[in-house]
Amino acid sequence: MRSRTSLQVRLPMLIFALEIVMLVLYSLFVTYDDNANAKMQNNETNPMENSMYRDYPYFADVQVMIFVGFGCLLAFFRFYGFSGMVFNFLTAAFAIQWATLIQGFFQFYYDGKIHVGVINLLNAEFACAVVLISYGAVLGKTSPVQLVVMALLEIPVFAVTEWAVLKYIRINDAGGTILIHLFACYFGLGVTFVLYRPSLNSGHAKEVTSYNSDILSVMGTLFLWVFWPSFNSALTFKGDDQHRAILHTFIGLSSSTITAFALSAMFNKRGKLTMADIQNVTLAGGVTVGASVDMMISPAAAFALGIMGCTACFFGYKYLTPFMARRLRIQDQCGIHNLHGLTGLISSTAGICAILLATEETYGPSLYQIFSHRAPPEGDPKLAELRQLIPGLKPGLGRTAKEQALFQLAAVFATIAASAVGGVLTGFVMKLKFMASPSDEDCFDDELFFDVPSDFDTGIVLKMEKILDEKSQSIPMNITKDQ
Amino acid sequence: MRSRTSLQVRLPMLIFALEIVMLVLYSLFVTYDDNANAKMQNNETNPMENSMYRDYPYFADVQVMIFVGFGCLLAFFRFYGFSGMVFNFLTAAFAIQWATLIQGFFQFYYDGKIHVGVINLLNAEFACAVVLISYGAVLGKTSPVQLVVMALLEIPVFAVTEWAVLKYIRINDAGGTILIHLFACYFGLGVTFVLYRPSLNSGHAKEVTSYNSDILSVMGTLFLWVFWPSFNSALTFKGDDQHRAILHTFIGLSSSTITAFALSAMFNKRGKLTMADIQNVTLAGGVTVGASVDMMISPAAAFALGIMGCTACFFGYKYLTPFMARRLRIQDQCGIHNLHGLTGLISSTAGICAILLATEETYGPSLYQIFSHRAPPEGDPKLAELRQLIPGLKPGLGRTAKEQALFQLAAVFATIAASAVGGVLTGFVMKLKFMASPSDEDCFDDELFFDVPSDFDTGIVLKMEKILDEKSQSIPMNITKDQ
Amino acid sequence: MRSRTSLQVRLPMLIFALEIVMLVLYSLFVTYDDNANAKMQNNETNPMENSMYRDYPYFADVQVMIFVGFGCLLAFFRFYGFSGMVFNFLTAAFAIQWATLIQGFFQFYYDGKIHVGVINLLNAEFACAVVLISYGAVLGKTSPVQLVVMALLEIPVFAVTEWAVLKYIRINDAGGTILIHLFACYFGLGVTFVLYRPSLNSGHAKEVTSYNSDILSVMGTLFLWVFWPSFNSALTFKGDDQHRAILHTFIGLSSSTITAFALSAMFNKRGKLTMADIQNVTLAGGVTVGASVDMMISPAAAFALGIMGCTACFFGYKYLTPFMARRLRIQDQCGIHNLHGLTGLISSTAGICAILLATEETYGPSLYQIFSHRAPPEGDPKLAELRQLIPGLKPGLGRTAKEQALFQLAAVFATIAASAVGGVLTGFVMKLKFMASPSDEDCFDDELFFDVPSDFDTGIVLKMEKILDEKSQSIPMNITKDQ
């Protein structure tokens, strides 16, 4: 008899259906953008000025983050390493393909076609990051079918929100704090709220790490850490803006990292370090500098933001996550609310402050390039004047700093609302019967969805420890342990 | 008494002899190419236009694939992780040095010297990839002495074949499908045919994976996956060609990845995923798009190629590999015939179709740049005309699409023939007595060639499981396992 | 009662104090450099010519080396993987921040401000590498408090030495052989000399590797190997100089790698390979080519340097390290004297030879760019002449080759002296009571500073092996082991 969680029919059916749909849509609607189209090249085209050379290095760095960084980070459970790493692979590969289509439709559609270049893939990777962050909330409690469905639904909600916010509210969000981190966080919380499993609030025997899985997870953290400056700067303006984005991200991450070590030791009963803090809290600074990452906030501000984000994130893990699980029915498995939500809120606030404080004295005429909605509208004589200083400056909306700040605020609320609602609705779909959702008992166990090698056996491993425990009185130890 | 497989004399003798030869050859024949030669620089040389800035980023990406990607991927055996990773390191380091010389002699030799720049190293890395793919066929059954000898012989056969095909048959093969994947595959099959070990057809006790080795191997897959677009685009024309190569590789890999998950679950008896599929079959799309990777095949075609390659590769593993081992005496340890041979044949066919379908309407005048052998020959008035659209267009051979397609076909057969014969002959050399070849029993065991740490002991580990198995009736379990 | 090695108060106090100091200093003194300053951009600034595009790719590569490469390499102990990897993370993050300030003060300070760009971070990473190399000497025997203090003190000593050597002695040291490797080595030896633990000379029960930790460490080696060309070339002149630096590093590393395999097998009693050699000795070539990495030494010389460095390094591990521990009270845990000291001395010698042999015939007018101190001084008519060949050539000191060689020699001795004295003094500070230094017995044990997962238990693991050992007579084995 086929098991309730067998993937034999469910997963292939879902994937093949999606592939047919995508193949048809790709055939009908997807073509090359001008930089990838042989026909558009002529004697005036300099091959080395192809847009790909500006985008691909950042795309490649973010690829490492998505596939290796997230993959290792999510493999931190002792009996759930295969699933953590491999479901991440599946979800990411699907999400990027799907986002290329959906985002392409909203952002790169003209002449009846979606025009694809490396820049689309880069955008799609950010959409993919959104899905993977949300995945963190339900890690260990979902089948691959559910995860593909989540990606399938989250990407369109995200693409619409992104498009609406950028087109109608028009905000500054270079590092993607609002549109990526806040969206992903509240979407994930919405999903996990619906998938609530009361019995897991008291813990689960397999919800543990091992020595190797902890190290693997730190490797994931390190890959994310190392390439985060590329992530935060990939979509900024080229030149000094991108330069600042790299500086701020690096400084914010560094200060957040050393703060995480201090807090971890300080709030541990025995004055030791906790690996979960090293794996997660160290990264808080990367999110916190996001919303103002390309602005002239000063290196010291990036330093301070790293410390603040890290602190909020740390105490979030300590107090807020347990509280949310017990009282609000929100089981946030990887604590995405701490690493992306709280930090995202701080970051958005910092972004608003940076907008309010931005003056022509600090930025020079570039002010109207970075805060493009503050540029004078077409026809304004000031625009012509500015164009002598910055040729090709695009006309803006003539917003004041305060107006822009209010729009930022509106975007924060709109994004949170859209994502939370989208998450809850997606959660209901994921709860449908044929989704192969694991039983409470089978959570955090690779054996449910994988053929596992002979040395993997939750039973054997635990029995082994039991035997050794029993023997431990009778056998003299040659190494004294510290207490 | 010294063991039959001791490396104490054999390996140093071989390596020191090779080093002396290489040092002499480097001294006599190797000098810098103009971009690396201080003397060639003057006030008209723009340092930032040095060819190195075009080649090094791709070189570095391929380095990660060769050393980390392959290294981890090949470490998938439970008791053979050291060997898989470390022999890869040795073989790759030697192969690149050696290929720099041999390929340099065929491609970069003038004025009595081989002129070396980063572009040579990049070419040599591709030659190295050839050796490492072939290595996959004999993984676990060869000594490091045999592997170095294999690299020593394979590189010249490859370099001659490459040179002859490019110079006389003249083909389009941007992603190296024909010259790299097909060559490597049939060379490796030739070697393993000669090294046939009948007793291993019934399996080997140590031919298993472990939980950690499986995860390590997936990490290797992920590094290969992430940087494959760099691999496939490293040697294309700069500009839109390279741009398309990146797009197609990414799209092909993605569709191949999700297809692999679907097939893996579908053909597993219990509806679970198999790690070997995730480690290998996901990558098939990268090979399949290779031969047409820089052409205007459309994104949808890349998508379809990924699915087709993945499907062929999957069923190859399932049916063809066992059949070849039992009936054809070809034991293909890592299934390179599936991942590089079948996909390579599909890719070559797709390349031929793309050539036949290529028109000036789709490509514009770039047609004669991408399909350079179709450009009009020197003196043809059409060439002068085209040069007004694309200055500096190189004269070609004036081939028609059909002619070019036939030459592609010829190249496929010539490459397969040359590599298979080369592989068989190399196999005979590797079978010589003093090559420290492991006995059947010692295959797949690190202890043969490594000092291993105390926790590595195939005996202890298996005994441990035995003890636990015996105890398992008497001890009550506190965790119920799913069936 | 709080343990003598509890980090609860010590680590947070130290880190928070440092953060406050750094935050104040960043606020007062740190601003953006012109390439990161929005105000400096105008219609004559081409965004794509921002200095960041020249520096960031190398910065990112070195980041991978520092955080992932070193992190994995130093995690080679069986019971000390958390500490090896995670203390590296803490120390590196702090060291880069701190070096940005201190080096910035010496090298990028004008108009009352330190001007920060990606180039500063790149410089700071090199300073960080210095600290991490020194860390290798005391791995396993130090608390995180001690390591942060070491970074705190080593960075200023290094920055002053670097500044003094570059400003007053003025040397060629593109790969950082003298200033990075020799400095780091002798500083580390100074520290470990003071922290001498006699009882550890007879070995320590936990000073062992495991199968997984050995593989992890090789991964670290591979990441260092792959990106070493970026490390050695990051700070050279752009153009052909950087091109040569990449070529030489790659060639040197390759020949050093295959030599390491030969020596490892040759000097092993049973003719097997030793993982420690693969992890360390393979990298010797990267250091050995350092001092002459951008000069016209010829590819063959890089090849030979790789072999020489590797040989010295190998025998250093075999004979010198044990000798130094027993006789000179210098316990060099990771053998940094072999990998950075001996190779550094060979490299410095090679650099001096290369300087003595450099002629205008080989280099053309670039001679005076590479060996900038040999350029004619301002006012010399030869300078005007050269400027017609190389516009913008900076005036030098008019040194002869011999003079420059003597200055190189002086720099070697000055650097060694400064670093050794600095190291000894730092060692005394690290020995102070409240530094949470582990007892001899607790060395090489993660449990001292980490909450460890349940499968980590030095006691249980060793007991398990004991039980199995006892049982091994009575249980029949189904796998025969080779001897």
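As written, the chains take the letters A, B and C, and residue 1 is the first residue of each chain.
One rule holds in what follows: a residue touches a chain if its C-beta (ideal position, glycine included) is under 8 Å from a C-beta of that chain, and two chains touch if they have at least 3 such contacts.
Here's who's who by UniProt: A, B, C = Ammonium transporter AmtB-like domain-containing protein.
Everything quoted here is computed from the prediction, not taken from an experiment.
Novice: Using only the C-alpha atoms, find the rotation that maps chain B onto chain C and quote its angle between 0 and 180 degrees, to the nearest 5.
Specialist: Between chain B and chain C, the superposition angle is 120 degrees.
Novice: Give a one-word verdict, same or different, on whether chain A and chain C use largely identical residue numbers at their interface, taking over half shared as same.
Specialist: Mostly different residues: under half of the interface numbers shared.
Novice: Using Cα averages as centroids, what's the distance between chain A and chain C in whole Å?
Specialist: The mean C-alpha positions of chain A and chain C differ by 33 Å.
Novice: Which chain A residues sit where two or more other chains touch them?
Specialist: 57, 212, 464
Novice: So in the complex, which bits of chain B are touching chain A?
Specialist: So the residues of chain B touching chain A come out as 54, 57, 61, 78, 208-215, 218-219, 222-223, 225-227, 229-230, 237-244, 246-247, 250-251, 253-255, 257-259, 261-263, 265-266, 268, 270-275, 278, 282, 296, 298-300, 303-304, 307, 362-367, 370, 388-391, 461, 464-465, 467-468, 471-472, 475, 477-483.
Novice: Would you tell me which residues of chain A are touching chain B in their complex?
Specialist: Against chain B, chain A makes touches at 2-3, 5-9, 11-12, 15-16, 18-19, 22-23, 26-27, 30-32, 35-43, 45-48, 50-52, 56-57, 60, 63-64, 67-68, 71-72, 75, 81-82, 85-86, 89-90, 93-94, 96-97, 116-118, 121, 144, 205-206, 212, 216, 439, 441-442, 445, 447-456, 458-460, 462-464, 466-467.
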